[in-house]
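You will see chain A twice below: alongside chain B first, and alongside chain C after that.
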Partner chain A sequence: MTEIIQNVKNLSIGFKSKKGEEILILRNISTNIKKGETVGIVGESGSGKSTLALAMMGYVKHGLYTIGGECEFNSSNLLKMKNRDLEKIRGRKIAMIPQNAGQALTPNLKIGYQIDEALQLHSDLKEEEREKKISELLNKVRLPSPETIALRYPHELSGGQQQRVAVAMALAGTPDLLLLDEPTTGLDVTTQAHVLELLNFIAKDTGTSMVYVSHDLGAIAQVSDRIIVMYSGEIVLEGPSRDILKKPIHPYTYGLLKSIPKLSLAGLPQSMPGSQPQPGTIHRGCSFFDRCDFSEEKCKNNSPQLEYLEELNTSVRCFNHKSLMNDSQVNQTLNEIKTSTQDKEILNLSEVSISYAKQKLLDQVLNRISDDNPTVKDINININKGETIALVGESGSGKSTILKSIAGLLRTKGGIIKFDQNRNLSSDLKERDPNDLRIIQLIFQNPDESLNPNHTVEEIIAQPLKLYFGLKGEELKKNIIDLLQKVRLGEFYMSRYPRQLSGGEKQRVAVARAFAAKPDIILCDEVTSALDVSVQAAVLNLLQQLKEDFGTTYIFVSHDLAVVRAISDRVAVLYQGRLCEVGPSKDVYQFPSHPYTEVLLGAVLEPDPDIKPKLVAEDIVEEKPPQKGCSFQGRCSRILGDICKNEVPPWQITNSGNSIRCHIPLKELQKDQIN
Partner chain B sequence: MLFLIIKRILLGLITLFIVSLITFVGTEILPGDACTTYLERQAFGEQLEACYRRLGLNVPAYERYVSWAVNAIQGDFGYSLSGEMPIKEVLGPRIKNSLVLASAAIFIGIPIALILGIVTALWRDKLPDVAISTVTIFAMTIPEFISATLLILIIAIWLEWLPGIVIVPTDVSLLELLPNIILPVIAIAMIMTAHMARMVRSSVIQVMASEYVQMAILKGVPYWKMVFKHVLPNALLPAINVVALTIAWLLGGVVVTEVVFNYPGLGRLVIESISNRDLPTVQALAIILASIYVSINLLADLMTLMLNPRLKTLQIRK
Partner chain C sequence: MKLDNIYQEEKKSNFAKVSEIIITMASRPSGFIGLSILIFHVILAFISPYVAPYDFKAINPTLMLQAPSAEYWFGTDDLGRDVFTRTILGGRTALTITFFGSLIALLWGGLLGIFCGLVGGKTDDIVMRIVDAFLSIPWILAMLLIVSLLGTSTEVLIPALGFFYGKGIVRVARAATHDVIAKDFIVSARARGHSNFSIIWNEIIPNVRDAILVEGAMRWSWMLLGFSSLSFLGFGVSPPTPDWGLMISNARGLMSFAYWSVIAPIVGLSSLIIGINLTADAFAKALGIDRSTKAPV
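Presenting the complex of A and B:
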């Protein structure tokens, strides 16, 4: 068991800056991977984790080069090997499962060919045998009807299926070592849980070693035996996975674990101050010094070395790890959120339906939308002033579509969206007056794309102030500074451009811009998805603070159920554009009643090796909502029969005010949770 | 798929109709007409009336448009004013000459452009790239009238290898024409090849940086197999439209080059008929050039559609 198959020795990789300085992405990394072991490499974006994984295949990205060190595989250094020799190792001895299979599969080649290519290169099988093998592999990754899948092009498969194909392709060469670069990021929760389960199965079945790279401690916790924590190009902590997740003895890991919202607890996690230093900016001292709660004078000027602690079988890079060892149980202190929900309705969606179907000419002329099976249908939600309501569901559940309609970016097909009980907002942007536009503001997922790169922060925030309030000169400037301070950015940010800001800072600017309009409702579309965990907590706390100050109402869309749990008062669960369950977060999370809510919550991965996801339903992807009956009928494990297929389920209301749309009687739904 | 093709063809026809309307209206609102141009100072009174009757200009404009359009569809564009011969006969040899010039440039230029583009992309920032890229940027920036003149100076005048300008009758046979087109072809191919090579280079570089190429490398696919299977099909797809535009541009007459070399092609005819105020010919040329652009772009769109599996299935699903 202790045979080492990959040995990384003093590896440094970097690039030359324009000034000719050598800038390090990886700094003196030494570690090894043993046979049959699964190692998780965790770190935030920019920590060098992907660069390390690629180096283990002897691959260094264009623009980077090896400054020193070795990656030894079967006692030969991959980084010095000729391409011709590497071709014999890549795919055969070491295989990669990429982050985004949708982009990693060549678009003009059929699935079957791409797997066959790997077989041709790495096995001696004849054509008929290969054909059989392709089916076998596709079967192994549990893809339905392998023969037809093999004839498809990558874009004809869903995200989860593409990821499975990538796994099958990697397995084609029966590698000794599998490198997985964020293999489940970007997949839906249920799909992610299934893919991880599959990977675990393969690891056991084939005895392959795996290196699992991810920013998601939840996923890492499910698969790895050992965890390596990276921070700005260095290993800061390395040890058995359980110890690291339960008793982290490095302040960074400690802070990271504390900043992850938990499914079981309401309230906002604590954030870590600051952000990871840019490569090339650390000159001396500990790279985590600025953000560390445990730092001392000596940390400022001396860099700690990676120290191996025999009794724990753990390596740690911190002067103070001993004091952390004593009280390092992650006691998460969550900032309780105050509900500021008032007894006044602010937005009412009644019978709203939205269709993406293209209008036929006749319908265009008659100005009507005809689609009997629209993407989103029968949405009834009342939102009170000061409330945070979250819309959750997998991709394709229509949550973003509903946001778009409220914002006026998409016309509704039917139903009424009413603001403040009398203003009708069912029309789209063009038909709304400026004040209707002002009261609803949007914050987007990716601040890189939602902030104009050619505008300074000042110009970005000035726009709504000028547009809605006609502010000018000194007054305008005063307001901008005021807003910047509200989002905890100083006055000096005014002249900066978005590219000069970090991800968290950019999202703060986006938040300031939304608040500049003094809106009543802010629509948050996956606002923390593009951010690192430590930064995510800070943005969530900021949003909560602003809400308490301004009495704003949030409609929050997220695929991350733990984040939703942390910030929302009420949750609406959507499947295929239809509501399944609406209720106070506390109840929905504690007693998930609707079968779909159960599936969804069961699949959430927590950064705790003892909490395993429950896989209730298959992760099939449905392209369209069913014509009639319950929207979840296709995947429901508790389907009753014809009634679910033919009749739209009625709303049932529980004692705690939870509305559930299901044919199964309430009593039975609730009874099951107790077991 | 079939529906889509029919839709595209219909759209093309509508475009042509609009072009014909614009040119007709354009020639109509310009001061003067065929008769005033023809009769010059005698353009008044009885003589002018007689001319109008003879050319049928005395009927309302829309009637003339309809009869012109009906004839044009059948290939009859009326009479040229300057030569007093059917435009059909004027156009025929010109189109042939332009076609010869264009096809020569295409057959030489496109393969060279593809090879140069691919080589520069694969050896990016290395010596072959730096050398070729410098030359292509140079070739791209020199206007064609300068490069054409330089070619005449060096090859025709100093070295005396080839004739400097084309002095052959318009309806010359292909064999006699061939030695004359070498210089014009070089002049055109230079600028065209440079443009396309740059395009192909950036397209290949973009694909080389894609995740699926990285994946192919990590899968252990040998370099050249990766280039031919994973890179080129995806990189050259967007080039089809650029190639199509270039071809259309070539067929439409490379006006400047044709004038410099005195080449009897469509481009020179455009200039001639405009300066002679030969309105019927201008009209005919406008419609023919527009048809060339429309049909070649249509062809390119259909080709992209066939070659790109993504677009193909998307259309079927809809």
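Presenting the complex of A and C:
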């Protein structure tokens, strides 16, 4: 088992800047992959983890070049090899599974044909044998009825199924080493848990070594034997997975683990200040110096070396790892969130339904929407002033759709949206007056897209101020500076363009723009999912602080249950556009819960090797909500029978005020779930 | 909290931005050649009346169809006029008319395209079908019709050319707008309740400007070819004004024995078109828009 199959020696990869400087993306990386081992490479975006994984198959991205070092696979240096020789290794010996399988599969070729292609290239099987092998592979990745799947096109499969096909293709050449670049990042929570479980099984079953690249410590924790933590192009910590997650002896890993919200704990995790330095800006000293809680004077000028500690079988790059070793149990100190919920209702959705169906000509002429099975149906939520309510669910659950209707961007089919108990808000933007528009502001998922790349920060924040308050000149400028300070950005950010800011800074600007309108309600659409973990905590803390200062109400949409747990007062769980469960957040996270909530909670990946996800239901994807009965009937493992299929379940209310929409009596539900 | 960011790049003045783009363009061989040819033609158009050695309309029957010599560099034509004089003067009208024509095309094509892209729906459908209908009419027929109805004066030619070459820009501007309006910052501006005008002016134009300018530059070279074709057919500039299209048309019958009278205007016209094309390509590359993968329509 100790045979080394991939050996990276002193690898440095970089590019030349316009000024002719050599800028390093990877700095002196030395590591190895043993046979049958699964290694997780973890780091934030820009840490060089993908570049390292690609170098392991002898590929250096366009524009980058190898500055020094080698990547040895079976004792030949891949980086010096000719393309012709590399072709013999790629696919047969080293295979890669890409992040987005949907884009990696050719859309106009059938699945079976694409796997056959891989087999033709990477194996010596004859035609009849290949056919058998295809269904064998599809079986191995646990796709139902391989024969029919092989005849389908990629778009006919769900995201999870596509990822499985990609795994099958990678296995076609029976590789010794499998590189996985964020293989589950784009998938839903439940699907992600299933795919990881499959990968674990394949690693054991075939004895293939795996390199698993991810930013998600939760996913890494589930699959890897050994973890490599990267920070700005260097390995800062490398060792057995359990030790690293339980007792991280590098301040970065320590901080990272502290900043991840956990399911079991309410309250906001502490954030790490600052962000990862850009490549080429570190000239001396430790690259983590600026953000480190344990830094000393010597860290500023001396770069620590990667030090191997025999007793822990761990390598660490820090002068102070000894002091961390003593008290490095990750004790999460959480900033408790104060509930500022008032008794006054601020927004009320009653019987809201939304349809995406294409309307018939007659309906278009009459300007009405008719659809007997709309995408979103029967939404009844009342939101109090100062509350944070979270809408959770997988993709397709209608959570963003509901936000759009509240913002007036999408017409509802029916139902009433009422503001402040007496004002009806039309879901059509044109029918709202400017004040109705001001009171509701949006913050988007991806700050790259929500900020105009051709505007400076000043121009971006000035827009709502000019539009709603007609500010000009000095007063406008004063307000902008004020807002920037509120989101912890300095005055000098005013003249910058979004491309000059980091992800976290961009999101802060978006937050400032939303608050510039002095809104009563802010709709947050997956605001942290595009951000790195250490930055996510900072943005969540900022949102909480602003809420306490301004008494704003948040409607928070997220697929991440741990984040929701951290920030929200109340949670609404949605499936297929229908509400399943609504209640105070601490109760939703406790049993009894709706069978769907149970599935979601079970699938959450925590950065702890001892907490394994519980896979309760199959990860089938349903395209349409059922015509009648319970919305979750298709996937429910506790289905009772015809009653679930024919009758919409009633709301049952628990002692703590949690409403669950299920036919199963609460007591039975609780008994089953606790066992 | 430490807020040091490495990018200390400040907001640049417009002049600095333009000069940076020109320097980037000139740093590529093709861009340098294109820019040089274009600048040469523009300078020539300005100074040619002052440097022309002879009177462009002076007819001299004794000097008919002289071969190039030290006295008459490019020879003389069938009426004994100096071809060199007529060639360096021949680009002026074409360059001026098509330049202003392109500006008009850019303006109406760009704005209509952006508007259609933004509002979408039925308005977009109707306008785009009309544009399609116009695109399907052979331009030369339509131009001939307009010119024969309204005359060949500059006041007619500039808007007529501008209209005909703006149709293509509508499509490009609309497509560029479609890319932008899906972005969240437009959704955000809409949700805030900005007017369509404000959204077009503040949010869309800065993001589609580059694509439209590049398309406009390409249209310029097409328009130049179109204008010269009109002159060639006798519907553009009227004699005796020197014009390349006209000169080629006059001299084409004599090509077999007096090649010089037709070579010079041909070189003039094609070099200008190549110059504009190369410049437009370099301009696109300097702005980060790669035209090489797209069809030049």
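Quick note on the criterion: the second predicted complex is superposed on the first by the 671 of 675 C-alpha atoms of A that agree within 3 Å, B and C clash if a C-alpha of one lies under 4 Å from a C-alpha of the other, contacts with A are read in each partner's own complex, and residues count from 1 in each chain.
The criterion applied here is as follows: a contact is a pair of C-beta atoms (placed from the backbone, for glycine too) under 8 Å apart; a residue touches a chain by one contact, two chains touch by 3 or more.
Predicted model, so just to flag it, every value in this text is computed and none were measured.
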Query: Since both structures carry chain A, what do chain B and chain C do when superposed there: clash or fit?
result: clash
Query: Is A:153 contacted by the first partner chain B, the second partner chain C, both or neither?
result: first
- prompt: Does chain B (first) or chain C (second) touch A:88, or do both, or does neither?
  reply: first
Query: Which partner does A:173 contact after superposing on A: first (chain B), second (chain C), both, neither?
result: first
Message: With both complexes superposed on chain A, which partner does A:107 reach: first (chain B), second (chain C), both or neither?
response: first
Query: Thinking of the overlay built on chain A, is A:96 touched by chain B (first), by chain C (second), by both, or by neither?
result: first
- request: Answer with first, second, both or neither: which of chain B and chain C does A:121 touch in the superposed model?
  value: first
Field: Footprint of chain B on chain A - complex, ascending
entry: 54, 57, 59, 61-62, 83-84, 86-92, 95-96, 98-100, 103-109, 117-118, 121-122, 153, 155-156, 166, 169, 173, 358
Query: Inside the complex, what are the residues of chain C that reach chain A?
result: 1-7, 9-11, 183-185, 187-194, 198, 202-203, 206-207
- prompt: For chain B, which residues count as touching chain A in their complex?
  reply: 209-223, 229-230, 233-234, 237, 307-310, 313, 318
Residue numbers on chain A that touch chain C, as the complex places them: 273-274, 277-278, 281, 290-291, 407-409, 429, 432, 434, 437-438, 440-442, 444-446, 449-456, 459, 463-464, 467-468, 488-490, 495-497, 500-502, 505, 513, 517
